[in-house]
Amino acid sequence: MIETVIRKRIEILSDVALVRRVTDAIDRADITGWTITPVQSGKGRDGHWREERVMGTDKVLVLTIAPEDKAMALAEDIAPILTSHGLLLSMWDVQVIRGERF
Amino acid sequence: MTPRYGPAMDATTLQTFTSPVVLFFVLGILAALARSDLAIPEAIAKGMSLYLMAAIGLKGGVAVSESGFSVTVVIALVAGIAAGFILPILAFWLIRGFGRLDRINAGAVAAHYGSISVVTFVTAVEILEFQGKPSAGYMVAVMATMESPAILAGLLLARGFGAENGQSMREMLHEVFFNSSVVLLLGAFAIGLIGGTDGFADVSPFFEAGFKGVLCIFLLDMGLIAARRMMDSRAVTWRLGAIAIFLPLVNGAVGTILGTVVGLDVGSAAALGVLCASASYIAVPAAMRLALPEADPGIYLTMSLSITFPFNVLVNIGLISAFASMIAGQGGLVP
Amino acid sequence: MTPRYGPAMDATTLQTFTSPVVLFFVLGILAALARSDLAIPEAIAKGMSLYLMAAIGLKGGVAVSESGFSVTVVIALVAGIAAGFILPILAFWLIRGFGRLDRINAGAVAAHYGSISVVTFVTAVEILEFQGKPSAGYMVAVMATMESPAILAGLLLARGFGAENGQSMREMLHEVFFNSSVVLLLGAFAIGLIGGTDGFADVSPFFEAGFKGVLCIFLLDMGLIAARRMMDSRAVTWRLGAIAIFLPLVNGAVGTILGTVVGLDVGSAAALGVLCASASYIAVPAAMRLALPEADPGIYLTMSLSITFPFNVLVNIGLISAFASMIAGQGGLVP
Amino acid sequence: MIETVIRKRIEILSDVALVRRVTDAIDRADITGWTITPVQSGKGRDGHWREERVMGTDKVLVLTIAPEDKAMALAEDIAPILTSHGLLLSMWDVQVIRGERF
Amino acid sequence: MIETVIRKRIEILSDVALVRRVTDAIDRADITGWTITPVQSGKGRDGHWREERVMGTDKVLVLTIAPEDKAMALAEDIAPILTSHGLLLSMWDVQVIRGERF
Amino acid sequence: MTPRYGPAMDATTLQTFTSPVVLFFVLGILAALARSDLAIPEAIAKGMSLYLMAAIGLKGGVAVSESGFSVTVVIALVAGIAAGFILPILAFWLIRGFGRLDRINAGAVAAHYGSISVVTFVTAVEILEFQGKPSAGYMVAVMATMESPAILAGLLLARGFGAENGQSMREMLHEVFFNSSVVLLLGAFAIGLIGGTDGFADVSPFFEAGFKGVLCIFLLDMGLIAARRMMDSRAVTWRLGAIAIFLPLVNGAVGTILGTVVGLDVGSAAALGVLCASASYIAVPAAMRLALPEADPGIYLTMSLSITFPFNVLVNIGLISAFASMIAGQGGLVP
């Protein structure tokens, strides 16, 4: 049977304008890569849909897979701006094949 | 009120409201109020906004390639940049005092009102042309240069000098001078300038003939978005709402007077008035997310997009146009 | 068969098949059958469908702003709405009996056939115009009002009276009357009506000159989608396939006769026939997902989109046009 | 080291036309927000790709993060219409920072 | 309380051109379905953003939910081409309602 | 150098650089170099590329519907296909030897250089027409048939015969002959051929009037993408960079001579030269991901898109055009 190893998968919801800050943090944590997926709309504490996509207020999900220590370093690094920048971070354990890649 | 003023206003208002461009905007507002699910795909809306900027930039450049640069152009540019730096200060003071916002949010809002809205400008150009008071081609360059100064001014107001560290200041300045609309507007302006009327002939069916139609659909989308945001908004108090009407009135008058005083023709002075009256809702919000992420987009977007923008399109452009004719016609200010 | 009928049909068929609009549709079908990966981005397709609706609405409104409203317009509207309520009943009966579908699915299918397809209508308008039998501008308004009644009728057939609770009934009615295509069609129609020929002149390069080209690309996409769905479909039996051919034939004839009887000109009677013959595949599927989520989209979409739509574009529009000429020309029905 | 708390992450695949029903249920469960991401195509028991995106049959993913009890309330609330409405629901535990936000 | 069962959720990042290979493997593993979501951009070992979306090098996420044994069969099947085809696979346990569907 | 050659080159270069089409490309490059965030939405870019292919296909078909097929057309097709098979061999040899790439990557790059770039061709057609040397309508068909042979050739070079198993070979052949650009180009060509000038009249406002404007925006996007990729690239050595300049020079000359020798007119010979000089960056990358997934897109995309494409648009089309005039004018090669 194929061998898998455990890594952390981190997903960060971020304004498009702030993505660079997030990916810079990922690079600083020395993680091998990241993938960005689009977001359509949402509701938060402001209590309203976001649809003004031309307005520079659209969001994306930044997803990255990393070993636990690097993931924690990233979380630590990014925690101070989570609230001020309105980011949302969640992470969980996943199995990956080719663990040496991450 | 001179007799010339009254009819001018009536005609203005009428013309505005039978123009398809404005009617599509109203349709968008009504559809959103009726909670219809009508929506323009995001990619199409972005594509249209790029198209409008490229087209207006080209048109301005071609116009200047014919008229040539003159002292007036330089004066208009300087006037625009000055307004971009000074108007946010007035706005900031008003928003902190009467509007009761904290410093960060007041700075962010002030940046929006000092900067400009391309679509408001474009709509005004159409209406002014229709009224027989075309604005000069170089006003496009004025618009492009007015995008950025207010961002800096708003930032300084919010944070004070030296509060930013070096890295993020560089990031900001880069965003301010190379944000996509500045680049596209000035780039297309330069292309129009280089290519001139001949070079433009080839591409004019695309950039000229389609212009008003695209503007219709774009304003339909803007109407939908502005009204939906209005209905969902909670962060905007009546004080802020009043400011979102008062500022464009004052700034519009200031800009028109400024334009008339420095010697612009009626149409161009009105266009400068509209630029001052308009509030950004595309470029500046993106810059503010970057530079002032703690500021609440629910405040500055709702004010600029849902109140000021419709007020400008539906009412204020007409007022400014009439005011420009009045002070130019009366010869009161510029003898 | 009168001698006039034969040639009319030949010409019709020929004209249809050398028109770029139809040829692009055929190209889409062939490309999908060859399993090519050709695809139009979703946002572009949605953008084109909004464009087509805005353009056809404007055009209709401008036409009515010239011709004015008349009793005929009211009669045409009433005829269209009546057809929208009555045709689903025939369809429901056929689909339950011959088609062997359960009540829910039969109601959903019936709603599709009672409602209309904007693109089929637009294609028919082009072909009719080309054949020298233009339909009246108010037929756009007829089309817009025919979108919704069948949704209600199909729902009642599927669920019976009173089965819906109040909340979801309100939701449904809202969807029925404010769905995006109704709003855009009627809104653009109103703008055309207000602006008239003068107001339209400004935007006509965009909405008129580009119309047929956009229709070409849109039909290319429709051909791709219809044929791909056909190839993947499993839920549609031969009985349902036969119904998807039979219903547009019968409904087309009924609509044409109805139009002729109430006194519409040839082109408009044919257009009413096409409206009755066409089956919705945009607005109604969305409404059915909301109101009858248990119904299988694999059935109603495949029937309306993959069978009826191509049959109408490639064959039935030609037949209906010839039939309208025949019954109008003979003077048999309307002496 | 930074402190994280456990929350449930729920993802619901839904037809665009039915999203309101899903988000209303999220609101009823008193969850702070949700995020909607686009879906391109898929295959299910019907055995066919969905590409008819103009047709009102396109789908989206609704994603929401909530404490376990609210997540369960949401699942409970939405379970009856899962089959009839063709929804797909999965959920799992994730670590989040700023747990008080959810 | 509502009953949930555990399934594996597998996400595979794949070039658009290679999606057929992935979904064929899912079909071979006898899994009931899959869902494809778009990806905007990313960074990997090549160290660069991907934005050339017209170029046929854009990527998507293929997501599928399956019982553990089928999930493992899929991973086994697809492992040999992971590196050569530049795919990225991660999987984790999720709770689902209506477990018989998967 | 004949006197005729010098001025031709000057004019060419000048004309190229004041054409809005090329200026927008330069704007894209500059904006990317300045790290502006200007970007065209993906769906819009795809839509524009479909539009350009449909328009160029239609135009070619209409042209051939007038001129008719002739022996020249067949000869041009054969010449194009032959070039598509043979040029990759030269390229492969160069890339393995001088470029030091392994077999797989060399085969992939060779396939790109043997195939063609639609946008380079379209830009060349515009420039040639502007210079009074229009290329024949059938060159569109030549272009479409040249897309695929090089994919097969590159694959054989990379893998040798028989290395592919049956299934994936079938998959490949299908991709080669039914990939979306081949289908759309040839399909639109056929529609133009069937519809002829009359059928085209209806849709020409959309496909003809808008063409150059769309090309401008598309090249803006290409400039952005090409320059961004260049800045991020790490995989391309100076040796590969040199090949990306050298190959279009040589292939362009070979193609122009080939075209002149087989008797094409000046414009068409130059167009064949441009086709040989151009390297695919849309269709072939997709095919290579499928057939040679181990090959590194970082190499072949950067070479074809970021080096060869700008070189062709900015410099090489001008050179080829002048060269075609020279060898045709001198009568040296074709007495």
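Lettered A, B, C, D, E and F in written order, each chain numbered from 1.
The rule is short, and it goes like this: a residue touches a chain if its C-beta (ideal position, glycine included) is under 8 Å from a C-beta of that chain, and two chains touch if they have at least 3 such contacts.
The structure displayed is predicted, hence computed values, not measured ones.
S.K.: Could you tell me which chains make contact with subunit B and subunit F both?
M.R.: Both subunit B and subunit F are touched by C, going by the contact rule given at the top.
S.K.: Return the chains shared as contacts by subunit D and subunit E, ordered by label.
M.R.: Under the touch definition, subunit D and subunit E have A as mutual neighbours.
S.K.: Where the CA atoms of subunit A average out and where those of subunit C average out, how many Å apart are those spots?
M.R.: Each chain's C-alpha centroid was found; their separation is 46 Å.
S.K.: Roughly how many whole angstrom separate the Cα centroids of subunit B and subunit C?
M.R.: The separation of the two C-alpha centroids amounts to 42 Å.
S.K.: Would you kindly tell me how far, in whole Å, the mean C-alpha position of subunit E lies from that of subunit A?
M.R.: 19
S.K.: Hey, how far is the Cα centre of subunit C from the one of subunit D, in Å?
M.R.: Going by mean C-alpha positions, subunit C sits 35 Å from subunit D.
S.K.: Show the residues in subunit D shared as contacts by 2 or more other chains, in ascending order.
M.R.: Residues 37-38, 92.
S.K.: At least two other chains touched by the same residue of subunit C: list those residues.
M.R.: 39, 41-44, 46, 205, 209-210
S.K.: Throw together a list of every chain pair that touches.
M.R.: Applying the touch criterion to every chain pair yields A-B, A-D, A-E, B-C, B-F, C-D, C-F, D-E, E-F.
S.K.: Sort out for me which residues of subunit B touch subunit C in the complex.
M.R.: 18-21, 23-24, 27, 30-31, 34-44, 205, 209-214, 216-217, 220
S.K.: Within their complex, state which residues of subunit E touch subunit F.
M.R.: Against subunit F, subunit E makes touches at 15-18, 46-49, 51-58, 81, 84-86.
S.K.: Touching subunit A in the complex: which residues of subunit E?
M.R.: Interface residues on the subunit E side: 13, 37-45, 59, 61, 72, 75-76, 79, 82-83, 88-92.
S.K.: Would you tell me which residues of subunit F are touching subunit E in their complex?
M.R.: Per the touch definition, subunit F meets subunit E at residues 39, 42, 45-46, 49, 221, 225, 228-229, 232-235, 281-283, 285-287, 289-290, 293-294, 296-298, 301, 305.
S.K.: So in the complex, the part of subunit C that touches subunit B is made up of which residues?
M.R.: Residue positions touching the partner: 41-44, 46-47, 50-51, 54, 58, 174-175, 178-180, 183-184, 187-188, 190-191, 194-195, 199-200, 202-203, 205-207, 209-210.
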